[in-house]
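Every chain is named by a letter (A, B, C and D) in the order it is written, and numbering of its residues begins at 1.
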Amino acid sequence: MATVVVPALLRKLTDGADRVTVSGRNIGLVIEDLERQFPGFGEYLLQNGELKPSIAVSIDGDMGTGGLLDKVKENSEIFFVPAIGGGL
Amino acid sequence: MAAKPFKVIGTRPIRHDGVDKVTGRAKYGADYSLPDMLHGKMLRSPHAHARIKSIKCDKALALPGVKAVITSADLPDLPDKMEMAGEAPVNLAHLSQNLLARNKVLYDGHAIAAVAATSAHIAEEAVRLIEVEYEVLPPVMTVEDAMKTGATILNPKLRNKEEGDKETNVASHIQFKRGEVEDGFKAADYVVEREFKTAMVHQGYLEPHNALAVYNADGKSTIWTSTQGSFAVRALAAAVCGIPETTLKVVPAEIGGGFGGKLTVYLDPIALALSKKTGKPVKMIMSRADVLKATGPTSGSTIRCKMGCTKDGKITAAQVWMAYEAGAYPGSPVGAGAMVIIAPYDIPHMIIDAYDVLVNRPKTAAYRAPGATNAAMASETVINELAEKCGIDQIEFRLLNAAKEGTAQTAGPPFKKIGYVECLEALKNSPHYKSKLEGPNRGRGVAGGFWFNVGMNSSAVVNVNGDGTASLVIGSVDVGGTRAAQAMVAAEVLGIKAEDVRPSVGDTESIGYTDMTGGSRTAVTTGAAVFAAAEDAVKQLKERAAKLLEKKPEEIAYEDGSFYAASDPSKKLTFKEVVAKFARTGGPVSGQASVNLRAVGPSFAATLIDVEVDPDTGKVKVLRATCAQDVGKALHPSYVEGQMQGGTAQGIGWALNEEYVYDDRGNLRNFGLLDYRMPTCLDLPEIETILVEVPAPGHPIGSRGVGEVNIVPPPAAVANAIANAVGVRMNVLPMSPPRLLKAIINKRSGSDTQIAAAGR
Amino acid sequence: MAKKTVVETTINGETVEFLCEPRESLLEVLRDELELTGSKEGCLTGDCGACTVVVDGRPTCSCLVLAVEANGKKIDTIEGLARPEGLHVLQQKFLEHAALQCGICTPGVLMSAKALLDRTPNPTEAEIRYALAGNLCRCTGYDKIVRAVVDAAKTLSSARAA
Amino acid sequence: MHAINYESPSTLDQAVKFMAAHGEKARAMSGGSDLIIQMRAAVRRPEYVVDLKKIPELRQISFSVQHGLKLGAAVPAIEIHENADMRKYYPGLTEAAHLIGSLQIQSRASVGGNLCNGSPAADTIPALIAVGAKCRVLGPKGERIVAAEDFCTGPGRTVLAPDEILVEFQIPGPAPHSSDAYQRFIPRNEMDIAVVGVGASITLDLGEDRCTAARIGLGAVGPTPIFAKEASAALVGKKLDAGTIEKAAQAAIAASSPIDDMRGTAEFRRHLVGVLTRRVVTLAAERARMATSR
């Protein structure tokens, strides 16, 4: 099972838990599992079927592509963080 | 590759575009013209907040020489949500409304209409003839006023999801939390809490925004413009004008400074719309007043910062509340500010609340390490107060708490290899820090800074010529010498001289997609693309060499400028010998690469500043400045030093005299370069630089972004130096003479030295 | 509307005649009529120095000169700084010292520096900084610019000595 | 910019006749470093711009210790600074002229233009007041002489009638052991408008070690530059010790009526009037002491 570190303002969905374990071999499936366990997660992370432009994903310390197909390993550590663009 | 000693990288060749720039031949956006060209000018709002009741253009249209007038009615009404335009997330409705106001004007200088005429003078006169009827609304100028309950609302569509879906001026709230902050403060021997106010400031690029657009009868169009991102202009201008993105070609001209302010569009879509309406090329150049009133500033802010430490100097907790001015539309860099404010330190317990707040000021744009400089003004001065309480040297205190590999970043992920400790050590061992500072009213201050740097997408093409030289095409606009750096990367891989690579910046139809020059990404990501493109060329050349040597390609090695087979090292072919025969070995050799770089080394800096304060006037003289920065691996050290010196200079300007001054009606008072006071040659000392090189993991050369982090420490370093000089703690930017004098007088009279941000 | 006037002037050593409206600035005519776009527009209020040219031996903001005033004047612009034999020493030193980044202020800075060195062959650093105070540069922090001018002055005076 | 007509008379007579004919619609220009900016901003929209730089009387500096100084209204600031007599005998007025903008501006801007622009913050006006400059004004009705301190009537307004031009400044020759000084406060070190400017001229009796004459001018602390009479009087007949100078400084503060604006608060400006008056009187007195009896 991979671990998702829960963004501070979403801990209301996980009754305070800052880390939760999820299953799924890529980010899309991980988010599906999060939504299943903690309804509301999906709405925060997704916009018409894609990751919101304002959100970036870090998997084991590397930034993701921003796509839902980024691979997730067993016991990966996943962070959802605000995207830092070039500043548009 | 990174293991081998570099031959070209790290040297200081003359930049390839240098001669054009010292002879006046380099063509910047405003230098382009076309036959039968019209000139465009904008009408802008004299009110900070008003409803537009009517716009009458007939008098303007009647003026001889006037060809067209457009308003927001001539542009499509775009969806009010974040979308990807090209690769950049943007709210197109807000973007479009910022270019030509719809129904409401939201700041002094908000564009309302545009005129195209046969001369710029006629267009200006025509603008004066457009009649607009306003219903003036009360302006909301500060985050405090905007966040009050019952505050005047700028955008009724904006809702507060956290508190029962009410109307609000707060566009977003972000929170970061680690541990239990109250426990952290309980464990502290000393706690310092301060409130800071920082003024809105502008990037101050010397070249005003410009655009030359031509819309052809076949529906294809072209824009020549000074931008940090030609592909961003293509995406945004096409979206605003409602044309297919790829029918527009954007040609990036030389650019006269950007610092983040030329990532978005202001004139490009307007010039295009005017060209579409008139059927003629239209050129637009902004006045300096319009640049200051309606483009780019970065957020003013209010920041409350509370930190605690043990008496032996270990920081136990940090609590931060920060609200940034977004300007007229959402999008201040407060999220970035929140993620950098305490990032340089390993702090077990923290909570940060960050708010993006609408006010009747121009829509803010990125400015060099967006959001980080105001944030560091707060955290890095509080840290000095803690160091004083502990009686620990200001550099030692930072070393005690400095983030290292493995330290959790604010948003959670751990740092990989970083060089903050190395920067602090370098500063500690610098001649500057070891020198004595003598004389009355003189003081010395240190501050640190952190910036992420971004990766994103870049493309590069390396074409090898038969004479052993090569041409390089990249999509990254060159604002400060990156073209030379990229040519050096190609030369390094190809094993030829930097002078033998001719680099050029391609337009949107001559190079693959490349993100903007920003986020300190160009030397890093485009560098990686150039590296890969050159390796691709070398791979092809090995195949050619294999044919000539009658060996298998996989046998061929390329070292020190010659190809040979491992099985027979005696038979060598030079680079020149191989490329000379390319026609007979399989045709031209062209290496190509497009990369999406994700593992990007963040950068840290530490800056040391000496000042002298005139206690009679509150005027500060900067005596000496030294910046130490982790640059990973410097490609062209002279231009890396230049970035560090430039960022330090901008930081000193921000510290002392730069600020937007609005009157109570919300009108900008200082909309020229006389009263928006950027440092002149006489306001700055020699700026010493120390290049710290901690190679970035996962990068072929080890480069880190070098463009931004250097602006972060100076304001806090100056504030710390002032405190050291005259014993007053400034909590406001800029620390202009009247404000500092007031603080000094308050101190003399024994009253609180924490002065109000009010007054100039 | 006022009718256009013929102006005769000397630009970079060449006699030049042009036609202009009285409201046109020297900068406009240089850039738009004569296609000498090396002089840049930065502010049109004389505060940035990007449009600096040398008029009768003195650095001047060409944005604050009416083109008609140029009649009978001797004007030097960045386009005239290099000679067929090669770059002016100032230009060479700016390249060697990496004294430019975006380059938009560079033509104005070079013309101010040229005017300084023509009158003051061996300036102190303070004199150099004063002479360049009217030329804003936002990229460099001025450090490398000052080094380049110092070096150029040295080179020129040793050349004179030889 | 709106369409304009350009005239450049080469004699005083032509200039006076032209202004008489077009006064209301015409605006005189010397350096143009204010007027061109104002026309671009549509603050002033004259039909005729009358360039006075080609009139010899407006371009001359003539000086003798006996007869004093005649300074043409259109002499560019840089020529004033390059003039050895100006630097020696009127160092305060010279440094004031040398503070107008950058060298690029000083190659055009003139003291006459600086005065006629009527800015309360103009650097040369307090210096002109300090040296007791008289302004020679010419119009269709002939010539009149106006004291520098009486020239400005409000921000951007002067005593000049639309059909009059300022020809030159007449400044008395320097008395033995007299000199002047001008300083301003700006946030940067160049390229700024004075937040406060103070000019002073001081004449000393070295034998008696006292001040025999003094004039103090203040800039940017009222709707017009100010001749601080009481402050000046506070010095006359006294030994210029700290106490005396402080009295003058306080009188200068009392004479000023500054406002809050983007360049500084009234409170800050009043404080600076005191600081600069002390510094400028001290500097002028030092110079006067050095000035050998001529």
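Everything that follows uses one rule, which is that a residue touches a chain if its C-beta (ideal position, glycine included) is under 8 Å from a C-beta of that chain, and two chains touch if they have at least 3 such contacts.
From a predicted model like this one, the values you see are computed outputs, not experimental measurements.
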Could you compare the number of C-beta pairs in contact for B-C with that for A-B and name the larger?
B-C
For subunit A and subunit D, what's the span in angstrom between their mean Cα positions?
69
Roughly how far is subunit A from subunit C, going centre to centre by Cα mean, in whole Å?
57
Centre distance in Å when subunit A and subunit B are each reduced to the mean of their C-alpha atoms:
28
Residues of subunit B touching at least two other chains:
121, 674, 679-680, 682
Please set out, as single numbers or ranges, the residues of subunit A touching at least two other chains.
none
Can you list every residue of subunit D that touches 2 or more other chains, as numbers and ranges?
1-3, 189-191
Strictly by the criterion at the top, what is the full list of touching chain pairs?
A-B, B-C, B-D, C-D
Which residues of subunit A touch subunit B in their complex?
5, 7-9, 11, 18, 47, 52-54, 58, 61-65, 77, 79, 81-88
Contacting residues of subunit D [partner subunit B, same complex]:
1-3, 42, 185, 187-193, 260-265, 267-268, 271-272, 275
Can you tell me which positions in subunit B touch subunit C when the two form their complex?
12, 14-15, 17-19, 21-28, 30-31, 33, 121, 203-208, 254-259, 285, 287-288, 479-481, 636, 638-639, 641-643, 645-646, 648-650, 672-674, 678-682, 684, 686-687
List the residues on subunit B that touch subunit A in their complex, please.
81-84, 88-90, 173-177, 228-229, 232, 260, 263-264, 331, 333, 335-336, 339, 351, 365-367, 370, 411-414, 416, 452, 454-456, 515-516, 518-519, 521, 596, 598-600, 698
Residue ranges of subunit C touching subunit D (in the complex, touch as defined)
1-2, 5, 21-23, 25, 44-47, 49, 52, 55, 58-61, 63-66, 68-69, 112, 115, 130-131, 133-135
